[in-house]
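Below, chain A partners chain B and then partners chain C, in two separate complexes.
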Partner chain A sequence: MSRFVIRRLLQSVLTFFGATLIVYALMFSITTDPLQALAGERPLNASQRAQLTAQYHLDRPFLVQYGYYITGLLTGDLGRTIAGRPIVDVLAEAWPRTIQLTLITMAIVIVIGITGGVFAGLRRGGVFDQTTLALTLVVIGTPVFVLGTVFQTIFAVELGWFRPSFAPEIGIATYFLPAIVLGLLSLATAMRLTRTSVAENLRADYVRTANAKGLTWRRVVGVHVLRNSLIPVLTFLGTELGLLMGGAMVTEGIFNIPGVGGRLFQGIRLEDGPLVVTIVSLLIVVYLITNLLVDLTYAVLDPRIRHE
Partner chain B sequence: MSSGAVPTQADEAVAERARSLSGDAWHDLRRSAVFWTATALVVLMSLIAAFPGLFSAIDARTAACSLTDSLRAPDANHWFGFDKQGCDVYSRVIYGARSSVLVGIFSTLITGVVALFVGMLAGFYGRWIDTILARVTDIFLGIPPLLGAVVVAKALSGQELGIWPVVLALGLLGWPSPARVIRSSVIAARHQDYVNAARILGASNGRLMFRHILPNALAPMVVVLTIMLGTFIAFEATLSFLGVGPRNTISWGVDIAEAQRWIRDASLPLMFPAGFLTATVLAFIMLGDAIREAFDPRLR
Partner chain C sequence: MNARTMAAWTVLTVTAACTLAACGGGTDSPSPETLVVSIGIGEPKFLLPSTTTESNGHDVLHALFTPLVEYDDTFRPVELAAESITSADNRTWTIRLKPGWTFHNGEPVTADAYINAWNAGAWGPNAHDGNYFYDKILGYADLNPRDARVAPKAKKLAGLVKKDDLTFEVTLSAPYVNFKSMLGYTAFYPLPSTAFSNLADNAVDPKYQEAPVGQGPFRMKGQWQHDQIIETERYENYIGPVKPRVAGIAYKIYQQQTTQYQDLLAGQLDIVPRMPIENVGSARADLGDRYQQSPSSTIQFLSFPTFDRRFSDVRIRRAISMAIDRDEITRTLFLDSQKPLRSFVSPVVPGYRENTCGEWCVFDPQKAKALFEAAGGARAVGNRIEIAYNVDGGHKPWVDATCNQIRANLGVDCVGNPQPKFAELLTKIEKKEPVGLFRMGWIFDYPAMENYLGPLYTTHGSSNYYGYGNAQFDRLIAEGDRSATPSEATRLYQQAEDILARDLPVVPLRYDQNNFGHSTRIRNVRMNVFFLVELLDIEANTP
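On to the complex of A and B.
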C-alpha cells in the first residue's frame, strides 16, 4: 500500500509541474507588454522600464521566470494582479463563495443522483427508468451555458422562484439555482452510473446467495447491493468535485457570483497573466488532490488496485 | 468468418450462427430507433452546414437587418421571428450550423490523430515509452478542459484566424481520454495469436500496428470520438458565449449570448439556437452511445 501511495504522490507532483508549466507558457504568450499593462495609461521611460524589468526578472529566460514563479507559489507568495492587488486577497474573498457553491452542488448531486439512480436501477425498463434515461440524455447534450440562461429565464425571471443574480443578503439560498445548473450534468451522469451499477449488481451471485439465505429485500438492496454499487459512483463524484471548482466559470458568470470562476474569467478578458496562472494552478492543485484522495480511497475499497 | 472449405450454400447458415463482432453490432444497430434518429439528425445537420442556401432563402451573412424588425414575433415568412438587431433568427440559426459542425469535425480529427499516435505507441511498445506517454497524458488531463481551451483560444485570438484557434485549443486538449482508450485496446490486441503469427511471418512493426492491430482497436476509438465530436460542438458554443470563440462568423454561441441580454423582452431568439445546438450535440452523443451499446458484449 505504501508503495502505491508514494508512486501516486510522485505522479501527482510531476503532473502539477507539467500542467502549470503549460498554462504558464500559454499565458506568457498572450501578454504582449506586461510592464505597460502594469503602468496603465502613464508612459514608461527607459530607466523605469529597466528597473521594472530587473525587478520582475523579465530579462531572464522563460524557464527561469517559471522557476521564480513556482517558488513564489510554493512559499505562499501568490504575487499581485496587474492592477497591483495581492492575489491572496482576491482569492480570500472569492474562495468561500466558490466552495459554498460547490458543496451545495455536491449535496444536490449526491442526494438526487444516487437516490434516483438506485430507483431506476431497481426497476430497469420501468416508467421511472425510461423517463430519467431520456431526461439525463437531454441534460448531457445541453451545454451548461444554455441550461444556465434557460433556467435563469424560466425559474428566476418568469416564475420568480429564485433571484436571477447573486444576492448575498438572502444567505445560502442564493446558491440554489446556480447549484442546480452547475450540478445537473454531474447529476445526470451520477444517476446513470448508479443505475447501471445497481442493475448489474442485482444479477450478481452474492445477491442470489443473500436472497437464498432469506434476508429481507430491503437488507439485500440496502446493504449488499448498495455497498458494491457505490464504489464507481464515489470515484466519479470525487473527480467531479475537483472539476466543479474550475467548471464554475460559466455558471458564476451567468449568475454574477464573484467567486473564483468569475474572477478567472475576468482575468482572461483583461489579460491579467499573474491572476489567471495563479488561479488555474490552484485549481489544478485542487483537482490533483481530489484525484489522489479518490485513488487512495479506491485502493482501500478494492484490493485489486493496490496489489497491481 | 466462415472458412473457405465450407460449401457456399452452407456459408450463409454459418454466417447466421457465428457473426463477427461488427456483424453482431450492425444487426443490433439496424433495429435501434436511437441509432436511426441520431443518424438522421447528424445527416440533416451536416447538410445544413454544407448547403445552408438550400434551407434558407435569406443569406444571413449578407442579409440587411432592419432595426424596425427588432425582436418582432414570428410570421409566415420568418418562422423563428427576429433578434434584437432585426435579423431573421431562422436564417442565422441555419447559417450558424457551419461553424459548429466544422469546429467539431476538425478538432475531432486533430484529437483523433494525436490520440491514435500516442495510444498506439504507448500500447504497442510499452515499457519506458508507455511510462513517459502516460505521464504526458496525465499532465494534459490535469488541465481543466474549459480553462485550458479559453486560455489557448485567447492566446491565438489576436490574429484573424477564423475557427482555427478554437479548433487547435479543443484538439490539443481533447486527446488524452481517447488516447487511453486506444492504448488499452492496443494492449489487448498486442499478444493475440494473429499478431504473433504476423510477426513470425516477418511483418514490420509499422505493418503490425496499422494493418493488424489498428482494425481491432478502431471500434472503441470511433465511439469515443463520435461522443467527443458532440462535446466539442458544445465547447465551441461555450467559448463563443464567453467571447473567445471564432470571430466574424455566425455562431449559435454568440447568438445565444446576445439573445440572453434581451431575454426579458423576447425568449425565442435564445430558444431556437439553443434548441439546434442541443439537438446537434445530442445527436452525436446518442450515435456514439448506440454504437457503444451495440459493440459491448456485456449488455447482450
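On to the complex of A and C.
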C-alpha cells in the first residue's frame, strides 16, 4: 500500500513538471502581445514598451522564460501578474472562495444525486425513475450559462430568495444558488450513474445469494449493493471535483464570485502567462491528489482490489 | 458532510425567511447622512493616476481626486482645483492653485504635489500607462530613452518649475493651444508625499494604490478589496465649490456587466453606469425613467489600410460608405444605444459640426452602386470585401449587418474577418497583411478636436494604423496646435476635417451613448462625456 502511494507521488512530480511545461508552451504560442492586450486598443509608447518587455523578459526565448518561471516557483516566488499584483495574493484570495463553492456543490451532488439514484435504481421504471430521467436529460442538455441566468433571474431577482451576486456579508449562504447551478449537471450525471449501477447490481449473483441467506432487504441494499454500486460513481466524483474547481468559470462569472475561474479567465484574456500557468498547475495538483484518493478508496469499497 | 449540508440548509432557510421579511432590504429610504451609493464597475487595472487609462480605474479616482479643470456645457475647460491657468504664448503655462486644499491625510496640496506626480508619471523606467500624456512637456525625451537598457538623461522634467507653494510653471516643447483642456485628465492629478517610496528617483510606493490618498470629495474607507469592492466615504475637509450630498460611494466590482443589471433589479446596486446591450432592450420597461442616455466621446468607424491597393480609389471608399445604412443598424441592432455618426470627431468636442462627411455618409444605394461600377465594380476589389474585427468586443453582429448591406447594395461578396483580439489585428496590419477593412473605436482623453484628428489621421499619429497621410492635413493640425486662441485653432481643425471628408480614409459609423440606470434610492443621476457618474449631483430620494 505505502509503496503504491510513494510510486504515485513520484509520478505526480513528473506529471506536474511535464504539465507546466506543456501549459507554458501553449500559453507562449498563443501569446501575440500581452502588453498590447493589457493596454487594450490604446497605443503603447515606445519607451513604455521597452521597459515592460525587459521587466517581464518578453524578448527572451521560450525556454529561458520557462526557466525564470520554474526558478521562481521552486524558490516560492510565484511572480506577479501582468498588472503587477503578486500572484500569491491573487490566489490566496481566490482559492478559499472556489474551495467553499466546490465543497457545497459536492455536498449537494452527493446527497441528492446518490440518494435519488439509489431510489430510482431500486424502483426502475417507476414514476420517480421516469421523472428524474426526463429532468436529468433536460439539465444535461442545457448549457450552464442559460441555467445560471435563468436561476438567477427567477430565484434571486423575481423571488428574492437569494442575492443575485456574491455578497460576502451574508456568509456561506452566498454560495448556495451558484452551487445549485454548478451542481445540477454533475448531480444529473451522478444520479444516472448510481441508478444504472444499482439497478444492475440488484440482479447480480451475490445479491441473490445474500437474499437466499435470508439477509434483510435493508442490509442487502445498504451494504452489498450500495458498496459495489459506488465504485463508478466515485470515479466520476473524483474527476468532477477537479473539474468543478477549474471549470466553474462560467458560474463564477454569472454570480460574480471572485474565485479561481474568474482569475483564470482574466489571465487568458490578458495573455498573462505566469498567472494562467500557476493556476493550471495548481489545478493539476488537485487532480493528482483527488485521483490518488479515489484509487485508495477503491480498495476500501471492493476488497478484491489491491494496490501492491 | 451531513453536518455541513445541515448548516447550509439552515442558513438557506434563514436567508430566505430574511429576504421575504425584507430585513436589510435595499428599498427602504435612508437619510442623506448615511446613504452610501453603490456603483458597478469592473476590476480596475491600477489605481494610480498616471497608470490609470481605463474606465474602471477612472471611476474610482474620480471620487478620490478633483482635477485642475472641469468642463462647461460647451466642453471648454474651467478652473476647478486651480485658481487660474494662464499663458501668454500657449507654450509657458502658469498654474496657480486654490489655497487651503488638503489631501485626505491632512497634507496641504502644493505645487510640489503636482510636480512630483507628473515627474513620476513621465519617468520612463516607471512605465506608467499614462506616460504619453506628458510628452508635450519640455524635457520629456530626456526621461524616456528609446532603449530600456540606457539610463535616462534626466530625472525631472525640465519644463516643470515651482514658483511658490501654490504656483508652478509648465513649459511645453512647442506651443499647444489645448493644454488647458488636457489638465482635466486623470494623469494630471497631484500626489501626496506619502505616495512616494523615493522621491528623488520618482519611485512610487507600490502599496499606495491599495488605498490611494487624494484631494477629492471622497476618501478611501479601508483598502482596495480586489475583485470585490472599493469603499469610500465623504471627506469632511473637502473645500471644493460643491460638497457631496451622500455619505459615500462604494464601487462594487463585477466580472460581467449583466450581473450588475440583475443586482440593480434586485435592489442590491444603485447605479449601473455602463449598461450592456443585452439589457438595454428591457431597461425602459424595467426601470422607466431611471434608465437614461447621454452622449459620450466614443466613435466607431471602419478604416481602409492604405497598403491595400484595392481601396486606393476614393470612389470605392465612397461607394462603400454610401452603401451602409447607419440609421438602420443603430436602430435595430443597437436599439438606439448608439447614434449614427457622419463626422470625423464626436459631438462632445468644441468645434464639432454635423455631417462634415457630407453626401458620402448619406445612405444612397443607387448612387453607391453607380459609383462602385464606375470604379471597376466587384472586380476592382477582388470580388470580395472583408471587414476585420476583434471577436472579444461583441462586434460580430454589426459587422455582419454592415456586410449584408454592402452585399445587397453593391452586389459584391462581403464577409467579416474575425480576429481573436485587437492586438492580433494590429499585428497583422503592421505586417501589411490584407485583412480587408478593419474596425476601430476611439475615446477621447480630453475634449478637443485635435484629440481625434491628431492621433487618428496625421501621418505619424499614434493610432493611424491604416497609414493615411496628407501633408496639407498635417500642416493644418500643426498650425491649429500652435494657434493663439481656441477659436482660431477650431477654424484650422475644421479645415483639416474637411480634407478628411474629401479623402475619406475611414468610414464614420456611430458614436456611443452612456446607457445607465439607477435604483429608486437615489435621484439626480447624471453621467458626463468621460463615462463618469457626476458624483456630487447624486441625492438621496427622500419621500
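Just a few scattered comments:
One rule holds for everything that comes next: the second predicted complex is superposed on the first by the 245 of 308 C-alpha atoms of A that agree within 3 Å, B and C clash if a C-alpha of one lies under 4 Å from a C-alpha of the other, contacts with A are read in each partner's own complex, and residues count from 1 in each chain.
Just so it is clear, contacts are C-beta pairs under 8 Å (C-beta built on N, C-alpha and C of every residue); 3 or more make two chains touch, one makes a residue touch a chain.
Computed from a prediction, not measured in an experiment: that's the story for all the values here.
In the superposed model, A:Y287 lies in contact with chain B only, and not with chain C.
Judged by the touch definition given at the top, the superposed model places A:R269 against both chain B and chain C.
Of the two partner chains placed around the shared chain by superposition, chain B is the only one that A:L243 touches, whereas chain C remains out of contact.
The partner of chain A that touches more of its residues, comparing chain B with chain C, is C. When the two structures are aligned on the shared chain, A:S29 is found in touch with chain B, with no touch to chain C.
When the two complexes are overlaid on their common chain A, residue A:F176 makes contact with chain C while staying clear of chain B.
In the superposition on chain A, A:R124 makes contact with neither chain B nor chain C. Of the two partner chains placed by superposition, chain B and chain C are both touched by A:G253. Contacts of A:Q48 after superposition: chain C is touched, whereas chain B is not reached.
Shared-chain residue A:V157: touches chain B and chain C both. 149, 152-153, 157, 253, 265, 269 are the residues of chain A that lie in the contact sets of both chain B and chain C, per the superposition on chain A. Those residues of chain A whose C-beta lies close enough to touch chain C in the complex are 32-33, 36-43, 45-48, 50-55, 83-85, 89-90, 93-94, 103-104, 107-108, 110-111, 149, 152-153, 156-157, 160-168, 170-173, 176, 252-256, 258, 262-263, 265-266, 269. If you check the complex, the residues on chain A that touch chain B are 11, 14-16, 18-19, 22-23, 26-27, 29-30, 137-138, 140-146, 149-150, 152-153, 157, 243, 246-247, 249-250, 253, 264-265, 268-269, 271, 276, 280, 283-284, 287-288.
Across the complex, chain A is touched by residues 1-2, 4-5, 7-8, 11-12, 14-16, 19-20, 43, 45-46, 53-54, 124-129, 131-132, 135, 144-149, 206, 226-228, 253-256, 258-259, 262-263, 265-266, 268, 392, 421-424, 426-427, 440-441, 455, 462-463 of chain C. The part of chain B that touches chain A in the complex is made up of residues 135-136, 138-144, 146-148, 150-152, 154-155, 230, 234-235, 237-238, 241-244, 253, 256-257, 260, 263-264, 267, 270-271, 274, 277-279, 281-282, 285-286.
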